[in-house]
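Here the structure comes first, spelled out in structure tokens, and everything after it is commentary.
Chains here go by letter, A, B, C and D, matching the order in which they are written, and residues are numbered from 1 within each.
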């Protein structure tokens, strides 16, 4: 496989370590590591931080969620238009910490398409990964919720769920990019994920809460090249 | 009553007319009008726009909603910490377009307090206005959802709901600031609202969708002074 | 196709015409018509009526929804166990008037399987029909929400959505039973639905609110035989 | 106080021990104990069991929840009409395991009134107890969620929350009946609850999961008389 296609996406969640100015600082460190090794890495900061992060780095910036509504009289919602206007390139959809109704997953993918945002739809099981691949997002991210934040990587703890997901996704969708996540914290975890047939990883605490996030990003990027 | 306490809050909702750079431009116009007349006016832009609006104006900036969760592993949520870090001074809570579970209204008021955000809790009926006043937010906003966006002002169409709300609120809470909204579009509507015992108004389309928003803000501010 | 497999399912919704004793009376009329013509017809009464309906008729009885939770400390929920204990044979899942989170659609299908209930998962678009077919329910029901309750039958107003759904469903699932619904009110509508490749229909107001429901059921059943 | 007003309400939740025929058996045991001692005890079985329980006993029967919607095209919802038609006398609203949006708490209380159901609105904190008392239900039940199902009674573990709730409720509502719950498992717990100013208790596992529920009910009833 051509690893120039590989992609690491760092979800900042609502960690204080990645809120406000610290979101900008963290994004810059990630950008530097990404450019040094030559592997694509994106960041997903909080809504309030998208604009200043996007203004500060050239790497892909993702929202963590969009609401499946059009712009208009929708107080407190997050529209595709607003994250796009702030400079986002894409959005997570249906993360296990923000699970959506089935029809809203579809609407959100459509909304993302309409404004030119890449969509990454998350799924917690292989069966659900197959189901969301039918909705034709740009990427599917397999994340078993029981491993999220544990430091026990899905690619090592439960490789079957990854291979089963890849198989089910490919049954219904030849071209969607496949990420996997949950517990990813070392270069080995990343390497294992790619060997199982994925195109990259979705990572959060493994980088955001690391003492030196830039080192972990570097390690992850090198693991990608090694898997090439 | 001392009208130096009066407050107009402009809810940008997710109107395209108030998204991205247009949120900044609109906020500046509102600030100018507010300063010219000497009446306090705040703005409530979308999450993605809070930071750049707060960096551009000195008037109060409010979020349109916060989630009742702490910072941490909460993907896609809007924390009190993140809107505070972006420069917000307060937040709407429980707007009729983002209705919350009862216990989450309380948690959101608490979260706002903890980080130093003013809370404006919305209620659609007089009875609900009384109930939310018990939760001790900084302000209560009475907004009958059936009048929102109609251009038919609550203060003229249904003055009873305003006076009944004020009575019920004062029964349980002496100090909370009382706003009213829905359909407010002229200075007369604002004047009527203040005469009914409120301390200000919550307005959205009446200003955001006006051909010259600054003129409407000016008219509203003058109406406040006249009611003094 | 063997029309002995065909199935008509009558959703009582929460219509007063089909509440309490009237649910029992309506079910008996439907049973009589079904037996007279020799076509399988099921009923989906409200939770409170399942037990007395199931005790009064021998036709299949479905719940309108189950919650994706296990029995235990879940106040106010509807468990698969409770509807099974009341005598239900199956359940609707994800009706457009009770849309579920994607992961809860899957959990509900699993819960139904565990207790021996047939699952009918609803989908409002062809793409969603394909996605839910991946979850391996017993039946998929295609119901474009914009036609529900209109009396304009999906099988005539929008035959493309039905054929597209059938195609997408069969791409991922060879054996699932396919129903379609929304606006079905005459035998012709039923006939058209079967001609488009479905195995039956899901109907509500077309029967429940008819002056003589038994006549409509009879007409529907005859249309099934004619399509054989 | 006149203890003829006292009320014990047994919430069956979705415990298997109280599902289907076992709901009827349990209700009969509770009725016998209630009649022997002469204290009012009600039961709150699952939706599917309301009708057969109400047909089998003469004690008050409550639903565990109603949806804030009118009868009509609402698939899978639980209407006030349907639980009333099944024989219910009242309903729980906003239990911590089924928390409602603030405006839906109000709508549910209204719906209950309209069809002649007694409403018991639950609240997890003293402040929320005060807020729901404003909505004028028939009863308020104070249940700190952190004590539910623990066997550590709210009336002994946290008497302050009960007395604070009673005070806040009485500030805004003189006549509402006050229950408390969470962890109630002995006659002493019941006695303590009444001494703190409540009119009765809401209990679930303490009775439903007891080896001999009738004995516990008897003990509770005697504790009520002793507190008289």
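Throughout what follows, contacts are C-beta pairs under 8 Å (C-beta built on N, C-alpha and C of every residue); 3 or more make two chains touch, one makes a residue touch a chain.
These numbers come from a predicted model, not from an experiment.
S.K.: Compare the two sides of the chain C and chain D interface and say whether they are made mostly of the same residue numbers, over half shared, or of different ones.
M.R.: same
S.K.: Tell me, please, which chain's centre (mean of its C-alpha atoms) is farthest from the centre of chain B?
M.R.: Centroid comparison gives C as the farthest chain from chain B.
S.K.: Please compute the C-alpha centroid of chain A, do the same for chain B, then give the distance between them in whole Å.
M.R.: Between these chains, centre-to-centre, one finds 35 Å.
S.K.: Rounded to the nearest whole Å, what is the centre-to-centre distance of chain B and chain C, using the mean of the C-alpha atoms as each centre?
M.R.: 45
S.K.: Considering chain B alone, which of its residues make contact with at least two other chains?
M.R.: In chain B, residues 96 touch at least two other chains, as defined above.
S.K.: Go through the chains and record each pair that touches.
M.R.: A-B, A-C, B-D, C-D
S.K.: Report the residues of chain A in contact with chain B in the complex, numbered from low to high.
M.R.: Within the complex, chain A contacts chain B at residues 11, 13-16, 19-21, 46-52, 64-65, 69, 71-79, 81-83, 85-86, 92, 95-98, 148-149, 204-205.
S.K.: Touching residues of chain B toward chain D in the complex: what are they?
M.R.: Counting only chain B, the residues touching chain D are 94, 96, 99-106, 123-125, 127-128, 130-132, 134-136, 168, 171-172.
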